[in-house]
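Just below sit the structures, each encoded as structure tokens.
In what comes next, chain A is part of two complexes: it sits with chain B in the first one and with chain C in the second one.
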Partner chain A sequence: MVERGPWWTVAAAPLLLAALAALAVAADALLAARGAGRPVTLTAAARPFLALPRALVAGPRRLPAPDLLLWRAGVVTVPVAAVLSTLVIPFGNTVVADPSVGVVWFNAMEVTTWAALWLAGWGPNAAFSLIGGYRFLAQGLAYELPLMFALIAAATGAESLRVGDIAAAQQGLWYAVWMPVAFAAHLAGVLAFSFLGPFAHPAGRDAAGGVLGELSGPDRLLLQAGRWLWLASGAAMAVPLFLGGGAGPGLPAWAWSLVKTLLVLALLVVAARRLPVVRPDRYVELAWVVLVPLTILQVLVPALVVLGR
Partner chain B sequence: MDTTDTVLLTVLGVLALAGGVLVFVLDSMARVTFALLVSLACSGGVVTLLGLPYLGVVTVLMMVMEMVIMAVFMIAYMMNPAGLMPMSMLHNTRGALAVSAVLFAALTTGIFAVPWPGREGRPPRDSTVQLGTALMEGQMLTMVVLGLVLLSTMVGATVLATQRGRYDRFGDDLDRRPARDPVGGGVGR
Partner chain C sequence: MDLTRRALRAAAARPRVLPAALPGGTPARLEAERLLRLRDWPVAATPAGADLLLVTGPDCPALHDPLARLWGDLPAPRARVHAATAAEVASALDTGRERLAAWSGRGSGAQGHAGGNDRVQEPPEGGGGHAHGQADDGDTGTGMPMPGGLPMAETGPDRDGLALDRLHLALGPFLCDWPTGLTVRLVLQGDVVQEAVCEDPAAPGGTPFWSGPWLRAAAGEPVTAGAAARHRAAATCDSLGRLLAVAGWPEQAVAARRLRDGLLAGAPAGALRGPADRLARRVGRSRVLAWLTRGIGRVDGGRTGGSAPAGPPGADGDATDRYRRWLDRLGRDVRHLDDPAPLDPYATESPRGPWEPAHPPSAALLALLPALLVGAELAAARLIVAGLDPDPEELAGAGVAPRG
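Let's look at the complex of A and B:
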């Protein structure tokens, strides 16, 4: 059973999340090196981190009449919400806080990226940046409902909104096996709220970097870190929701949680590299015409199973 | 309710009020919208602290989405370009002051005049379950009717708002494939 961890887990959870995000960044750098025909070495993996010190000391770039308060609020909210979302994600049998509405908490934290990215686009008073913010909202209208139905499917199957209960309810058969559509919708949602890979349109190169376009120095670092922290958090959430949490033979629960999280993270990093960017106007139709009906049908499956139990 | 809860409740309540005041003080539509969001998120926190975690967290979730979409439309329909010029949320100040003063007085009188009932029974172990049961058992018919009304309102509003109908898309004989749309869409209909 999942239990609340001691006080120091409040500090350990963000560190673990940051480590997972750093691993994802390194893996992405390796894939980039391989794609570019450069040698796949440790140096290649460390390349993104060499930019850290420079970003920390870089001077800010300012346009006339920026809304600094809203800009900062938006940029800071992305990584902070990612860290807050991990409070309800069990690691093995330990969780920082186990509220009775953990799934809703995760969803609420994820939705704050809507506000955060719009603010990050609005703040600098620049056209391309604002376009990036609006692109994320259009994308949000497309990915959010399938993601919500995916979360509802897992919660319906376990008859609980507590993440620990959902992990515990998958004794014998993972939800990923008999709710594959919900699992896929969750993974797509993770890529979408971390605006990476096929959903990188809000920070697209065709809009001069979009929401990232006018950011420099520590601000840019925070927003970049935020998207990888969200990727790691979404991958970690997929484990208790769809892959049985820490359950598994031989190894202790925390090791199984780690292995499963790393596998999901690897899958997401590879997918982000290999899939082309989808414009929101194309994805929104796919989402509403195909994914929303499919995920609603997917919610029907656990609902019927629970009724017949 | 212990001391921590009381302190948190007070802080959140004051922040919610401050956000509400800022809505009428600030001069930028973006800032006004997010001041309102802060106010509503703090109200969500208050509801959570009062023992209704589901309603509280869902309030925060829905309000973030609603306020962001609202910001898009508020800024789109503003009289000045991009909402970057100073603006004010105060309109018809005298009338509004009179209405709000009367309303405030009525509500405050209500607080002291209503004979509040004493607590009967105990709070439920899981208020989320109680809420679900209330919505899906006792108020099932209300919720179903409400759902249909909301859905038909949304469909009706969309139909009224859009200029284009199926004849614009598929031609006079409804036989043009693929449809002629200003935006392509991803399914290729």
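Let's look at the complex of A and C:
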């Protein structure tokens, strides 16, 4: 059973999340190196982290009439919300906090990125940046409902919003197996709230970097880190929701959690590179005409199963 | 402080480069893109995300002001280097890295200057593009103090009959994955283009790089069809790289640019066929990309008919049709790299369309742009430009083109 961990897990969870995010960045760098015809070495994997010393030495940048307070608030909120979202994600049989509405907590943290990214786009008072912020809102309209129905499907199956209960309820059969649509919608949602890969439109190159366009120094590092922290957090959340949490033969529960999280993370990193950016003006149609009805039907399946028990 | 110096040196191992390509400097731009890819120096989209401003191509006085604004926008530590020719690119990059590693905050006059008041003027470089209306002198005449001395946006009716703020935004002349030297002035409401005006591209003089074999053949020089096919294939890959980058598919954009670099470096035909076929398969058969570009920038080239703006036959259809035709042509070209027959410049299509000295094909593509851009969203507008990929160098070369 999932139990609340000792006090030090409050510090361990963010560190673990950061380590997972760093692994994802390194894996992405290796794939990029292979694609560009550069040697695929450990050095190639480590090079993205040179952004850390770069952020330390960055000088200040002055813009005409920026909204500094809201800008910074938006930029800081993204990584902070990602870290807070992990409080309810069990690692093995340990979780930092085990509220009875853990799924809602995760969802609430994820929804704060809506406001945060819009503010990050609004703050610098620049056209491309603002367009980037609005793009995330449009994207949110497309991905959020299917994601919510995916979370609800898992919660309905377990008759609980407690993440630990959902993991425990998958004895024998993972939800990913008999709720594949919800699982897929969750994975797509993870890429969307990390605004990476096919959902990188808010930071699109066609809008000169969008929400990232006017950021430099530590601010830029924070928002970039926020994306990868969210990717890691979403991958970790998929494990208790759809892949049976820490359950598995032979290995201890924490090892199973780690292995499953790494596999989901690898899948997301590869998928992010395989697809072009799916613009919200096209995706909204797909989301509302196809994905929302499909995920509603998906919720119906565990609902009927639970009623029939 | 020692720690600062060490951090500077570490960061300088991977500078983020803001490339600024000047008209007439295509070989230097291509060499820069190749070296940046091999060195893993990321290409920044805006001055804010860059450490190193890399100017490529021959000096162009008309673009001094936009360049100065780009430079003023780079945050410290920063360096600026200029490579006029392809041969100078490698040493310019090394110089830039050394300057960044040894950056002391003095000499370059950067600190506190970055993003100064020169930004208040409407910046045409595209990297910034601040969200204001008519930015003439920051004074609206009402005597009311405006935030940051900036004028408020004026309003105008939008497509739904609402009065919305109008945003004046210039795309180019320095914008990532954008035709060199092109400037398009837009009036936006939200991110929908209401008005679009193409400025006359900055004139480089000299021969346009991509249509070079056609010009040389027309002037009577011996050019083989194989060499022209190689050149055209490389031009196609260059255009595809831009389109895929704008479409947000960096993996395939890199693949297209790698293939381009291989073609230009003279790699044997056998080694290029595999990557070309792979690109055609992954991109040409991608249903997702086709779904995303379907219906964007529809042109009536005389084949389809309908209400779309009329254009040259080569531009017929929408963005999807056009990139699929590029890929088909690329597939044909990589099979004719060793064709020893002489090139007939009038029978063989040049990279941007049938070559006519007085009417270079890019002129027709540029003329199409305003009508296609109006009503498009910014993302679609970028796809339209990248999908037609006019080459402004051809226009400048038209005046000196010899008659065949």
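List of remarks:
Please note the rule applied: the second predicted complex is superposed on the first by the 309 of 309 C-alpha atoms of A that agree within 3 Å, B and C clash if a C-alpha of one lies under 4 Å from a C-alpha of the other, contacts with A are read in each partner's own complex, and residues count from 1 in each chain.
Throughout what follows, a residue touches a chain if its C-beta (ideal position, glycine included) is under 8 Å from a C-beta of that chain, and two chains touch if they have at least 3 such contacts.
Fair warning: this is a prediction, and the values are worked out from it, not measured in the lab.
Once the two complexes are overlaid on the shared chain, A:303 sits clear of chain B and of chain C alike.
More residues of chain A are touched by C (comparison of chain B with chain C). Contacts of A:266 after superposition on the shared chain: neither chain B nor chain C is touched. When both complexes are overlaid on chain A, the residue A:282 reaches chain B and chain C alike.
Look at A:62: by the touch rule set out above, it reaches chain C but stays clear of chain B.
In the superposition on chain A, contact of A:100 is made with chain B only, not with chain C.
With both structures placed on the common chain, the touch criterion links A:76 to neither chain B nor chain C.
Using the contact criterion defined above for the overlaid structures, shared-chain residue A:292 touches neither chain B nor chain C, since it reaches no partner. When both complexes are overlaid on chain A, the residue A:12 reaches neither chain B nor chain C. Contacts of A:22 after superposition: neither chain B nor chain C is touched.
Overlap of the chain B and chain C interfaces on chain A comprises residues 65, 125, 134, 278, 281-282.
Residues 4, 6-8, 10-11, 13-14, 16, 37-38, 40, 44-46, 48-49, 51, 73, 75-77, 105, 110-112, 114-117, 119-120, 126-131, 147-150, 167, 169, 175-177, 188, 190-191, 244-252, 254-255, 258, 286, 288-289, 291-292, 377-379, 382-383 of chain C touch chain A in their complex.
Residues of chain B touching chain A in their complex: 28, 30-31, 34, 37, 53-54, 57-58, 60-61, 64-65, 67-69, 71-72, 84, 126, 128, 183-187, 189.
Residue ranges on chain A touching chain C, taken from their complex, read 31-33, 35-38, 44, 47, 50-51, 53-54, 56-65, 125-128, 130-131, 134-135, 198, 200-201, 204-209, 212-217, 220, 273-279, 281-282.
By the touch criterion stated above, chain A contacts chain B in their complex at residues 65, 67, 69-70, 73, 99-101, 104-105, 107-108, 111-112, 114-115, 118-119, 122, 125, 134, 137, 140, 144, 161, 278, 281-286, 289-290.
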